[in-house]
Amino acid sequence: MTFAARRAAIAYAFLGIPLVFFVGVRFAPMLYMIAMSFTDWGLLRKTVHVVGLANFASIFADPVFLKSLVNTAKYAVLGTPTVIVLSLCIALILDRVPRGKGVYRLLYVLPYITPVVAVAWVWRWMFQSPPLGIINAVFVSVGLRAHEFLNSATQALPSILAVNVWIELGYCTIVFLAGMQTIPSSIMEAARMDGASGWQLLRRITLPLLLPVTLLLVVVEGIQFLRIFTQVYNLSYQALGGPLDSTKSATLYIYQKAFTNFDMGVAASASLVLFAIILAVTLVQLKLFDRRLNY
Amino acid sequence: MAATKGRTPAVAPAYVVLSLLSVVMLFPFLWMLLSSLKDATQIYQMTLFPANPTLDNYVSIFLSRNSRFPQWFLNSAIVGVATTVSVLFFDSLVGYTLAKFRFPGKRIIFLLIISTLMIPTEMLVIPWYALARALKWVNSYWGIMFPGMISAFGVFLMRQFMATMPDELIDAARVDGKRELPIFFAVVLPLVTPALAILAIFNFIGNWNAFLWPLIAVATPRMFTLPVGLANFSGEAGANWQAIMTGATVSMLPLVIVFLIFQKQIVKGIALSGLKG
Amino acid sequence: MKRTRIGVILSLALFLGAAIAGQAADVTITYWQYFYQSKVDLMSDLIQQFEARNPGIHVEQVTFPYESYQQKVAAAVPAGEGPDVINLYYGWLPLWVKSGYLQALPQSAFSTARLAKTFYPFVAQSVSFGGKNYSVPTAVRTLALIYNKRLFREAGLDPNVPPRTLEELLADAKKLSKYDAQGNLVQSGLLMQPSGQGHVWIREVLFRQFGATPYSADGRTVTYDSPAGIHAFQWYTDRITKDKVGYPNFSTDDVTAFTAQKAAMNIDGSFRIATLNAVKNLEWGAAELPTYKGIKSNFASFWTNAIVSGISGAKLDAAVKFLAFLTSPEVQDQWLRKVGELPATPSLSERYQNDPVIRVFLKGLAYAHATSYVDEAGQRAILDDAVDEVNLKRTDPAAALDAAAAKEQKLINDFWKQGNE
């Protein structure tokens, strides 16, 4: 064998198990899932039949599924800009302070690295109505009215959204900070010497140069909000996505169809729909930003 | 650094904002800790600090007859460590192969692996469950671990790092007649320890916090991981808030310790993940 | 030397032989139940007693949180990974029997005649399908009005005179509710938790007291969306929306609220007795459910034990023995004392006629009804959502109840339709 051939053989040998893994754990299951969505496979039934598009028809006729799609859209459309804008502002402020950057950075990222289940239950405890909840206790003591938060069909979703923003804030801030630090100070100095004001610096230099990082965060956080599950599971009563399905995300719907009703085929079709949405949204975002990046 | 000096508006307001934000970020943790020190009567009274702080909840969670909490802690530790070791080995091996070897199909294989990042886990848990049932992996450590044994993101990370590695040491070792795998362990890995550290930390954190798949993969409470166990503390007999807060505090402790020791790596890792785009 | 070596080999052989022989007779059966502290603790003790009396049989108890119990069973049993003996809510029997999870109990040990003689009528009826009996309970439960005596005293009410009618209940609830300066409820006079026992209070008690019948005799038709039913439902929701004496998920849920002493009264089941007795400094009492227009009604339910299908041979024998043990008088007695659920055999309640709390629950059994559920969790959620509609979305109670009735009817129809595939 030649040198090159021997090297190639070794490379394939090294890649053997990992490739089997990726195919077996990522690709094959995905194909299996697509196939399952056209069947009526369920744990309570003993046989499996192909049912064509019946599952898709049933989920789109299910008001709960449609509600979960609307909720998921709300999570993403309201949550992503909130966390991006907030973390950008914080990063900009943090970038200016001469000392303490490191400490603040660490404090802000703490919610991100702790278990979501744990922080969800802490927030659930804090969101309780009087007489148990601390947030309402503070509200009442300063004269604001108490809120139902997780007990309200209108406030529950924004409450869960707020918790997720709180969790993701530190991560986004650090990414923005890192992005800011790649902006050469020479450009900033030159612009300042030309008489540019702080505001102009921000609009003309900092933000445009942060566009790649912003795009990345928009995509990553958008996907994160579209997939939201653990927070909803742990912040709704008996993990049902209530009250009255007002917080149920698409993923929770899929989970319930699969593991409460044991309708695997239906759950698979819902998963496929969610995946298509995530893919479409991501591609659209990439296209939009791509155009702006290359103007 | 892009820090602007001198003519910038006063820095004091900035500190005020940042400190207020710190309070918002930290208060829930403080409240959680304080609640864990309150017993059944104190916890339902709206005082910030417990009048009689007690460690009873911690004792009960670890030592009471029916508490499975220690088991859950152990399960999370086992799963976390095992997957991290596997990820460190396989991800760096694949990253190394993709960075330093030439062979047909390299590009396709790389794209294939990266493309798996596009497939969200939520989509895969159902087929994984079917697979685990068929192969009798449900309710075992392997059942919880198997999807996380190799990470595509880690492969990407290691490949980036290894690509910048000089070839001389590797070539020298080859000339010396060393075999490939020993070269990998003795020469390559030591050169990328910072990346390995980041990978290990993030993988451990991610695994410790994982919820959806462990929730599905386990059948009996004996096999719960910590997050799954915590989610099950409230049930038909009401919510035992002091136990929940105590459990939450304990479940965070290992991560806080990891966090304090490896602060730099964590921040660097997050920054890296952002800049790869 | 040779003799000692032979001696050693012989004794080893004897030892091994005995061990193997011992092994051959040993049978281990698994028992699943949902996690409820007092039940789990007692079951551990009972298992020890059973094993002492039946050497060679070992029982392993496995428990699951209540929320995921049904899922775990549905996932494990068809795959052959389930237990041998299983504890289930009677409301799940139709679904589990239909899905093939359970096997009929042997007539020799549990004949229909024997069941009719041993257990309450509503028990014997609920465990029988197609002429075969599928499970036997240790204990049954009813509802009562539980109340906090200290809070009664603080409100100027006599803790020994709990309300007897719905009108008195309402009057007391208003006196017992406390609000903060803003008007937020901080002490609930009467807890309103449909997802707890509230929905069965509505279903089998309030509906009947207002003159409606919840279901047809065969349980297949929903009949509560009559004017009388709507009247009953509105009575319940008015307490939340108009009188504000309580609301769903006040203080997390009704049990947390009552044990935290943030609530004065609740409608709850006898299974709560042991839990409440374990709370420090909680002075509580029980009273019969309030009457209305002189009509009394109650809801009886039970958790019951069954044998999983596919179990046979030595395991089946052990399972039958275990079931017989679990339904024996001495176990029922221990269950009452340590958990608070009432004996499933009527005659065993006699000696508790003087216990102030147990007596109250026992009285309820005389006029109790058990709903023939097809999907207890689903049917519970429907009523729970109906209350939420009224409370959170200001839906008209009549409209909400009609919608609930339609949903429930569809659920029931779908269930029976599938059975005929």
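Letters A, B and C name the chains as they come in the text, with residue numbers starting at 1 for each one.
Here is the rule we use: contacts are C-beta pairs under 8 Å (C-beta built on N, C-alpha and C of every residue); 3 or more make two chains touch, one makes a residue touch a chain.
Values in this document were obtained by computation on a predicted structure and should not be read as measured data.
Here B-C and A-B were compared by C-beta pairs in contact; the pair with more is A-B. Taking the mean Cα position of each chain as its centre, C sits at the greatest distance from chain A. Averaged Cα coordinates give chain B a centre that lies 40 Å from the centre of chain C.
In this assembly, the C-alpha centroid of chain A lies 17 Å from the C-alpha centroid of chain B.
Touching two or more other chains at once are residues 131-132, 239, 259 of chain A. Under the contact definition stated at the top, the residues of chain C that touch 2 or more other chains are 67, 75, 251-253, 260, 262.
Contact with two or more other chains is made by residues 44, 241 of chain B. Those residues of chain B lying in contact with chain A across their complex are 1-5, 7-9, 11, 14-15, 17-18, 21-22, 24-26, 28-29, 31-32, 35, 44, 46, 90, 93-94, 96-97, 101-104, 106, 109, 112-113, 116, 118-120, 122-131, 146-147, 149-150, 152, 155, 180, 205, 208-209, 211-212, 216, 226-228, 230-231, 233, 241, 244-245, 247-249, 251-252, 255-256, 259, 263, 266-267, 270-275, 277.
Those residues of chain A lying in contact with chain B across their complex are 4, 7-8, 10-12, 14-15, 17-19, 21-22, 25-30, 32-33, 36, 90, 93-98, 100, 102, 104-111, 113-119, 121-123, 125-126, 131-132, 134, 137, 166, 169-171, 174-183, 185, 188, 192, 198, 201, 206, 212-213, 215-217, 223, 227, 229-230, 233-234, 239, 251, 254-255, 258-259, 264, 267-268, 271-272, 274-275, 278-279, 282. Chain A contributes residues 43-44, 46, 128-132, 136, 140, 145-146, 151-153, 237-240, 242-244, 259-260, 262 to its touches with chain C in the complex. Against chain A, the residues of chain C that register as touching in their complex are 67, 71, 74-75, 78, 99, 180-182, 184-187, 195, 247-253, 260, 262, 381, 385, 388-389, 392-393. Those residues of chain C that touch chain B in the shared complex are 34-37, 40-41, 62-68, 72, 75-76, 79, 81, 251-256, 259-262, 275, 279-281.
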